[in-house]
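Structure first, then comments.
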Amino acid sequence: MIDFGYTLTRDRQLDFDRGDFRYLKLVKSLEPSMDLCIGCGSCTATCSAGGFTDFNIRKLHTVIRRGDPESIKAELKKCMFCGKCQLVCPRGVNLRNLILAMNRAIEILG
Amino acid sequence: MKPGGKRQIWDEYQKEIADDNYFYVRSCVRQNFFPGAEKTFFRYMKQLGRNVVENPSHTTCSGIGYHSDIVPFETAMTMVARQFALMTEAGYENFVTSCITSFGLYSEVLETWEHFPEVEEQTRIHLRNATGREFLKPKNLAHASDVTFKLRKEIADAGRYRLVNQDTGKPIRVVEHIGCHYSRMFPNKGVGGAEYPYVLVGMIEDWGGEVIDYPERRHCCGFGFRQYLVKANRGYSISASKKKFDSMKPYKPELILTNCPGCPMFLDRWQYAISEMEGTTYGENGQGIPVMTYEELAGLILGYDPWDLGLQVHQVPVEPLLDKMGIPYDPEKKFLDIDGNFIGKPKSPSFLKFY
Amino acid sequence: MDNTVIVIGGGISGLTAAGMLAQQGLDVTLLEKENETGGHLARWDRLFPDRKKASDVLDFAMKGLNNAKIVTGVTITGISRHQNGFTVTSPLSQYTASALLVATGFELFEARKKEEYGYGIYNNVITSADLEEQFKSGRKVLTSEGKTPGRIGFIHCVGSRDEKVGNLYCSKVCCVTGVKQAIELKEMFPASEVFNFYMDLRMFDRHFEELYYEAQQKWGVSFIRGRLSECSENPDGSIILKTEDTLTGKPLKMTIDLLVLLSGFVPSGGTRGISKMLGLQEGDDGFINSADQHSQNNLSGIEGVFLAGALKGPISVSEAVADARAAAAQVTCYISSIAVTHD
Amino acid sequence: MGALYEKLRQDVRFVEGLKACLNCGTCTAICPAAEFYNYQPRKLVDILQTKDDEKILELLKSDTIWYCGECMSCVTRCPRNNAPGLLITALRSLSQESGYFTESEKGRQQLAIKRTVGHWILKYGYCLYPSQITPENHPEQGPIWEWEFQNIEKVMERLGANYQKAGPGVLRAIPQEDLDEIKKIFDETGGTARFEKIEEYSKQKAEEMGIQLDDGLKNDYIKHIYTAVNKDHTTGS
């Protein structure tokens, strides 16, 4: 094989057809209210961890829904479990439990 | 797929293309990599009784410099204005470009002047100060593929070969690739618009082939100007082409036809690079998919010798396609110079079969 | 001048207004260009948000017609104004009245104009109206290959909020239509995955937001915030979508078995034609401007000419009914005012 | 609204390219750069419409504005007639005029392009020139180009080119008086000034980075900017 000085890269596109939805299934069974998200971003806006880092709680549960759980694994650790997100969610999503469920899914599925 | 739906769209993008007396400007990329293509354009235009002139004083439009952002817009506009001045001085008004980047730039400049007349005025002053030249805007601006599209039936009538497999009688399966700057910015300036351009489809259909649509048809070949010009960025370029190859492979295309300078070069060379990087090939029997410019294909249809067209400087060999179409060629003459002396043979790649 | 009124257009607005006017004792003639009245509603299956049958709403309007005269198959070729009011001419006849109520409505945006969505090219791309017709027929909704669709996508804002097709405005009812139809398909195919691709969801009326909530909670309909950029066709006839999932900021590609385009509103040919004949005020969006959108929304600005329904812009059925009644009230006031003047 | 935004507004391409973005994502959806780099044209347009100078300054110094390939696919699709690809051209111009381009890895590459394509335009009258496309810098051109490169005169002659000769034809030698006209155009229209700025700021940067740079192509700085990928440009969001 020849080294040309650059490489072919897996593209960044979310390929829904090749998504990994095992995490979504498990997380949903643990916290069904995740379906109610309307993507408003209230959770991210009030997030204590988000105030200091680029932690974005709204994005995290969205990528799980898109079958792209890989990117959240490191991110999840940033959550401080203050629970403010849950107070502000206009749809009553149990965000605190949702994060626990995502952690649990990573524990089980790796 | 309902072809009638596309036809309805094509009907809505009728572009006016001049019939004769063209002032021709060349393409930097094509002169380097497909010198035979431009030569062939002149050859069949002459055969079809059309007048095409070239002024040796014309230069690059600076489009690649402009789109890699080292050349300011004002400079590019004045370079364009100078080419128009050469056309005006030659007494012509139908301007034809060989290059798609140029075609896009000419279109963008004319459109800008339309929206901002003061910018046109400034360009005229710039050109006057720098060169003393004056110019009229072309009456008709076309890309050389537009002109070939217009003459496609005449080419078919004069043709000796067709895009048909001689053994099976079936049409050759062709995917077309349109240069991004052909109609993306100004859909009305392209034959068939931006979504389903008809310019190459019309040639393929009238020359006997079957057009294959595939999901990534519209995707850029990945040139991206600075994305290829600088080695560190070439992963962008090759990854984009790979996306196209992966998408077209299930449709088993036998030819990729292009109308842009960079695209045929990249679609040809990246097949080589991908094969050398990961062993993947995209054509039949572990070979590559031949890539051609519309001039080269027109030349084949008209019965010109493949080695006069310059098909020997393709990295993906075209011989399997020539065999299918029943076009004779002499393998012994592939690497001869103009006096018939053997130049030497290029090295064979590790995966792509070379003849 | 007498108590005659001509209603132009026999959709839900025209029918409702004609019934109201007749009930108030006016002499009403309704002219409809098609051979049947009922307009778009006659081709629709069920209405948001409560999934009431469209035919029930239409039947109600038909029952309320009282003695209004309905003339169908009338192509209007001219309208003239004179001291007794207006004369409306068709190739076969002439109709005269003291007042005109224009209720010529809308058409659905021609989806094939969004070339990159492939309507009319890819077999499995249909419009919300096509889907509704299938619902109405009672047949199972299948792909063009006769298969049960496993994954279905709804595309919002087709022909709306889009300068590329010349329509800057929002068609307003497509949002909730997409949610309603998504639920109906989930009911039909519980195992299917249904996605709505949207930019904003405008749940503007009562029980709309609740329907959205129900779609998510009860039916598991997914919502992805991103406008469709292009689609293409796979060898098996399925459709590949390209959009951005704007909430994660990444391009997204998805294969869909059936794609439903939520086509927006455009002024109907009838609206454009009558508008020219009468010299109505057209807005920059092509819809008809009333004398004042807030307080005189049924007045055209031309004495004796009134407006009702979707010719003034996208509205729901319930709004059309309310607007038609308001217009009828305005016409009644006008007729009695000219009667007083003449006495 | 600040001074940088005002400067951008002076560029007609910026005026053409920025109407009002509704963040629908049709641009990012089909952007070849968005599929490869951590780049979203939608986000870029949204930042620009804030008119916030601080954010614009950050963009001018960033890698972000150098990811686009100017294919203009976004222009075809935008429902609000914005042109993210044109906004990129305006941002890149300003970044070079103001020297911010040397603050990013991708921006610094401009010197390599200026000293190749820019140089060739003025020297040969072509954006590319066969004798300059070395197999060493362009290994992907394959054995076929290596063969052509080594036998360029014979191959060009065989294919009917008029390589380096007077008169019309493929790769003809462009007369000196025409090259002089190009140079005058560059002088008159700011092309030369742009080149000088790219040189000047790059030299400052090379010194700051402690990497050797001379006037040619064979020096450590050019080699560095031509090949270096010291940062992850593809992951993240």
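Just so it is clear, A, B, C and D label the chains in written order, and each chain counts residues from 1 on its own.
Everything that follows uses one rule, which is that a residue touches a chain if its C-beta (ideal position, glycine included) is under 8 Å from a C-beta of that chain, and two chains touch if they have at least 3 such contacts.
Quick caveat, the model's predicted, so the values are computed rather than measured.
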Inset, instruction - Could you quickly compare B-D and A-D and let me know which has more C-beta contacts? - result: B-D
Inset, instruction - Would you kindly tell me how far, in whole Å, the mean C-alpha position of chain D lies from that of chain B? - result: 22
Inset, instruction - Averaging only over C-alpha atoms, locate the centres of chain A and chain D and give their separation in whole Å. - result: 37
Legend entry - Averaged-CA centre spacing for the pair chain B and chain A, given as whole angstrom: 45
Inset, instruction - Return the distance between the CA-based centres of chain A and chain C, expressed in whole Å. - result: 39
Inset, instruction - Name the residues of chain C that each touch 2 or more other chains. - result: 116, 225, 230, 245, 248-252
Legend entry - Residue numbers of chain B (touch at least two other chains): 194-195, 218, 231-235, 238-239, 243, 273
Inset, instruction - Among the residues of chain A, pick out those that touch two or more other chains and give their numbers. - result: 2, 4-6, 9, 11-13, 59
Inset, instruction - With chains as vertices and touches as edges, which is it: line, ring, star, complete or other? - result: complete
Legend entry - Contacting residues of chain B [partner chain C, same complex]: 1-2, 4-6, 8-9, 193-196, 213-218, 250-251
Inset, instruction - Using the touch definition up top, name the residues of chain A that touch chain B in the complex. - result: 1-2, 4-9, 11
Legend entry - chain D-touching residues of chain B, taken from the complex the two chains share: 26, 28-29, 31-32, 35-36, 38-39, 54-57, 59-60, 62-65, 67-75, 77-79, 82, 104, 112, 115-116, 119, 126-127, 129-131, 180-181, 184-185, 187, 194-195, 218-220, 222-227, 229-236, 238-240, 243, 269-270, 272-273, 307-308, 310, 313-315, 335-338, 343-349, 354
Legend entry - Residues of chain D that touch chain A when the two form their complex: 34-38, 139-140, 227, 229, 234-235, 237
Legend entry - chain C - residues contacting chain A, complex: 201, 212-213, 216-217, 220, 222-223, 225, 245, 247-255
